[in-house]
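One structure coming up, written as structure tokens, with questions to follow.
Chain nomenclature is as follows: A, B, C and D, assigned in order of appearance, with residue numbering initiated at 1 for each chain independently.
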Amino acid sequence: MIAGIIGATGYAGSELTRLLAGHPKLEKLLLSSVSFEGDRIENVYPNFLGRISAALLKPEEVVREADLVFAALPGGVGEDFAKAAVERKIPFIDLSADFRFDDDEETFRAWYGKAYVHPELRKFSVYGLPELNRKRIRELAAAGPVIIGNPGCYPTGASLGLFPALAKGLAASGAGPVIVDSASGITGGGREPQRSYHFPECSDSVSPYKVGAHRHTPEISRNMEMMAGEAASPPETKFPAPSLVFTPHLAPMNRGILSTIYIPLKKDSGIHEGRPRPPAAGTEALAAEIRQLYLDFYRDEPFVRILPAGIYAATNRVRQSNYCDISVHLDHSGSMLIVVSAIDNMVKGAAGQAVQNMNIVMGFEENSGLAAIPALF
Amino acid sequence: MIAGIIGATGYAGSELTRLLAGHPKLEKLLLSSVSFEGDRIENVYPNFLGRISAALLKPEEVVREADLVFAALPGGVGEDFAKAAVERKIPFIDLSADFRFDDDEETFRAWYGKAYVHPELRKFSVYGLPELNRKRIRELAAAGPVIIGNPGCYPTGASLGLFPALAKGLAASGAGPVIVDSASGITGGGREPQRSYHFPECSDSVSPYKVGAHRHTPEISRNMEMMAGEAASPPETKFPAPSLVFTPHLAPMNRGILSTIYIPLKKDSGIHEGRPRPPAAGTEALAAEIRQLYLDFYRDEPFVRILPAGIYAATNRVRQSNYCDISVHLDHSGSMLIVVSAIDNMVKGAAGQAVQNMNIVMGFEENSGLAAIPALF
Amino acid sequence: MIAGIIGATGYAGSELTRLLAGHPKLEKLLLSSVSFEGDRIENVYPNFLGRISAALLKPEEVVREADLVFAALPGGVGEDFAKAAVERKIPFIDLSADFRFDDDEETFRAWYGKAYVHPELRKFSVYGLPELNRKRIRELAAAGPVIIGNPGCYPTGASLGLFPALAKGLAASGAGPVIVDSASGITGGGREPQRSYHFPECSDSVSPYKVGAHRHTPEISRNMEMMAGEAASPPETKFPAPSLVFTPHLAPMNRGILSTIYIPLKKDSGIHEGRPRPPAAGTEALAAEIRQLYLDFYRDEPFVRILPAGIYAATNRVRQSNYCDISVHLDHSGSMLIVVSAIDNMVKGAAGQAVQNMNIVMGFEENSGLAAIPALF
Amino acid sequence: MIAGIIGATGYAGSELTRLLAGHPKLEKLLLSSVSFEGDRIENVYPNFLGRISAALLKPEEVVREADLVFAALPGGVGEDFAKAAVERKIPFIDLSADFRFDDDEETFRAWYGKAYVHPELRKFSVYGLPELNRKRIRELAAAGPVIIGNPGCYPTGASLGLFPALAKGLAASGAGPVIVDSASGITGGGREPQRSYHFPECSDSVSPYKVGAHRHTPEISRNMEMMAGEAASPPETKFPAPSLVFTPHLAPMNRGILSTIYIPLKKDSGIHEGRPRPPAAGTEALAAEIRQLYLDFYRDEPFVRILPAGIYAATNRVRQSNYCDISVHLDHSGSMLIVVSAIDNMVKGAAGQAVQNMNIVMGFEENSGLAAIPALF
């Protein structure tokens, strides 16, 4: 099988290149880059020297010859290639936001400020969060050409942390919004040097950005809706999804997203009743029960790990792997579920998940090419 | 004036030493250390060479000769010295939690697992958050010996972010808890090497700790109660304080605490009503209004800076200073107030605030010895 | 094949565990730990959860059942196990310094302050730098039980940077010592928390340590002697090895050793003759020539990469891989060869090289289990 | 007194702004910026909010109204302003390389690729390393308008580490070159975002750059010549300066330069004579003697600290201060002097030294405005 990557020299593209070069099912990898067309990938990324050697072609050449195409391009740019792929009847896995909103072009337009280029392509597309949509991905892939809207980095960590609670109806109806407070490593900002990612401006410091205005908000929110609704389990727990508040932060690390997720368990007056006390035994028991529910929910998932009591999700434990680690906690009063998820933003949050989607689409073992055991340091 | 520091070789003690050595009103500094008694401070901290030179005495000697004593000791250890200071009628500024809970020994006992050593000392003590208690600090100091319970690091950043909203009654009654999600630099863990603070285990990673169980929870909660209650402004806005959820994280940086604070502005069903949209113009206007309210509220405070629209609080902008930077935002829907505060945990979160309290107690200019202009890097 | 690791819970041991768990030839992995005996590796390193699950046994059990044993123990502790392995006629790969000095117990004693426990074992042992000793390792392994003295981290990077220059007689005889100036990541200090590796004491800072007194000095020096002498190529270039000055530094990063190596090319008065000028064209030509010599010298080595002109060795380009990257330069005057080598101290500098040695001993492909493509970030 | 800064918004300019804003002798600070003309400094650096508030003027306005002008501009751009300052008979302190080479325009041209704009200005200029040239700076300033060529960052740390050894004739004549191996924090690269300083490309990694070709080479070399020659002490030790090899590295930290300096003490065959042994007692005694010589040499210098035996120079101990810390060592054989110097590249390596020069020129206390006590973290 020949895989192609359009946009191979950005950070997501280079991570895809690295993962695919180690994938046992691939015979050949075709790469393109607008910025470095005509050069070679190992000159742009000398860390690949001796291992990956490939000319950087025009995207058209890649789409024409590959059996499956990944696009790691800026938004909007990839739709023409998606169209070409559909015409060639080959799968197209898109890492931009272009195919994440299915029919809901209105939401896409409201947040991304532009219309779909080829709206009709959405009948071939599916949101590629395997834990939520594996079945649909398979069905679509079986039916013909498929376009995968590979999830955003924050939405991946946030949604996986929320799914069991929403599907099982843990979040109290009408008890206030779910809050997702996330911190991302600096690779999330991509390869282009900018002041915000200039070492002296971001090292040794933490700060939020785009508060109340980050484009991943509607993606997480839509996922919550599906998880509480159609994917609810059992179906009768289906209930109105909670509303969402999402705040991203930048933390001085290379990789990783940690999401601390607050899910109100019951209607709480929110009124201070006497000074807080440390968690009671009952709180610990309830936490254990919910942790078990999470364990059961994800039992068959190859890339979700529910951490045992006493271990907190941390980004360094998933480094360079496709895992999403989840730890389950309660606040001191036992009325707020606090779920913490950790992913590698470049792997499960981007390139790894794209490979996972390729594996599903092609009928490979789902962890083919994704077998890296995370190193702590 | 002679100041003394008991526990000068821990991180908070050494920071106090550094700040006081540059204080224009001090003639002499007496230091003690249990771990390094008999040695000299410049041997323990060679960064002080040529600038600070002092023998490390017994704590008793310090308390006997100083005109004012700071204690940067583990909890429980300092009460005897506080007693001795009261007997000598000199001010005592305690950086542990021992004197932060006033009469409420029960809450202290519940979280710290021990009783007050000398409960009767609380009639001399006051919680030393100047922005909240400046008047009481002055009154007590005027009346005789005073003990300052210097605030915890997280409670300082969290409370300053919350005060205007609570005092002015912005938080909707019964709309759910306030959430404080904080990230701290590693100096917060103190000078003793531990696995959690071992470079390879905490660098390049973010993770939470003590979720639902951190001892700063009741301190923040009590502050919220006072801010919404007795310190409410105007007094008729006094209303039941919101309940609190507090989650601390460790971030790979030396100094700083960033707190992202979620304050529900109105009763919200919390139910997802259609997909989110980017913030409307009205939302921006409301944010500007609340930002102005914060500006007015802190207009005379020397160490609180309300950041203009478009600037997010970041820990690197307060580095080595006594400032608390606050930025004011709303979520996309305009129903959640998101306040972000940044402090240097070692300065405004510990030693700097202790110096500020000394300045108040002694009638010095409040920013004496605290005039450092923060460097960005 | 069953491999065993004694001392699996230290950093080198855990890295070995991670690499071996992904090795295609291993059927089983037996682990021991003194500190955590009776516990499980995935509890000590939760990053292994779901991937590596093994009880932590007694070392005796491991030596008794394994087909090959790795020891990642403090110096001196492993010799008894080496003896047991020899008796069982299985290979023993030791990551301590115990078997790095062959017959030269005197040098070992001078620097490590103790005698060999079982001196007679040295007839089975060989210094395990494959690029230098591959042939002897194979011969010994063919002849019976073999003990590999796996090289130190600094000596690996330094020696690989020096080998071609010494073997080819580039270093001018009598032109002064070779200087190796190295910077290591903090994992080099091991897993035990210490002040030097406490995040606030070592982050955002660089400093040297053990100047003129580091134990890797005689190991590098002995390697230089062999490289200039018996391994010289062609043999007639054999010449007295240069003397050595070695200075290690600590840099605020997790992994990696960068060694900047100064090799005098000709007898230089060392006397300033007029002010320096930028490198002339001839200097660039000479650098290119030496770079080519390095390329030719290492042409068949699977883990040494000679970087093209214009690319400097950097630790991030070898991260988590077994590569040693080498860049070749000259000073402005063209009289000093400056070779820069970069390795991952935990992989090529410890666990990876141990696996490479296992592969040689067992006749596996030399890069089995070592196929990770380095990620830049 | 009114000071002016041309180029106030670069990193060196902003650090100057911060230091001068705290200087007790200044009444007013005038700032200019080409990139941000018309804006205000506190908008460009919000860390200054509430402390420094100044419009960003045209450089001409600054030069016209100030009593002393600092220029923190790219090379070549400042000469016209220097000329204007000389005409107004006010001191001009230039942080670029334009005035570092005095009459030696040829060397300047060779390395910087351009000629002096106003060569005649060199009769007013002096190289501003106070420890070397304090007397000449004072004389020139007394005689009329003076232009200070403020030293480069690397040359400052390197030269201060070399001065006593060269002035006292410790370096053996003809024993080979002096090697300066330095590591700099990323602020050294300035404020403009570039790939090399993009967080994911430089964090968690060390690498060299411009090997054999860095422009600070001739500046260090010229300083060595002066230190071994005209500034030799006693003058009869005057001897030909050693030649120089200089290698800069980038380390993942914000501030600081660590220079490890190798000075051959005697003519050494450089031939390996038997395997190395740990340093003998005599070596320690010799190191102590040289350390004492350094102490004596710098006894009256306010900003040079010779560290006691057992303490290694480290960049975190001089952070945000004008200190140069120096530790003195020998290699294991006692034939190579290894001096390690640490400075804050933004302070003693740039803005702090400029303030020190202003203090000398104006007859202020030399440490006015430079009294910050370094914090370890």
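Annotations
Here is the rule we go by: a contact is a pair of C-beta atoms (placed from the backbone, for glycine too) under 8 Å apart; a residue touches a chain by one contact, two chains touch by 3 or more.
Being a predicted model, the structure only gives us computed values, none of them experimental.
C-beta contact counts were set side by side for A-C and B-C; A-C has more.
Among the remaining chains, the Cα-based centre furthest from that of subunit D is the centre of A.
Put simply, the C-alpha centre of subunit A and that of subunit C have 38 angstrom between them.
Averaged C-alpha coordinates give centres for subunit B and subunit C that are 47 Å from one another. Among the residues of subunit D, those touching two or more other chains are numbered 11, 185, 187, 200, 203-204, 252-255, 316, 319, 376-377.
Contact residues of subunit B toward subunit A in the complex are 104, 107, 110-111, 173-179, 181, 183, 185, 200-201, 203-209, 211-213, 217-218, 221-222, 224-225, 228, 240-247, 249, 251-256, 258, 260, 262, 264, 268-273, 275-279, 283, 312-316, 319, 329-333, 335-336, 338, 340, 342, 376-377. On subunit B, the positions that touch subunit D within their shared complex are 11, 14-15, 18, 21-22, 45-52, 187, 203-204, 254-255, 305, 307-308, 311, 316-320, 323, 346, 371-377. Here subunit A touches subunit D in the complex through residues 11, 185-187, 191, 193-195, 197-200, 202-204, 252-254, going by the rule given at the top.
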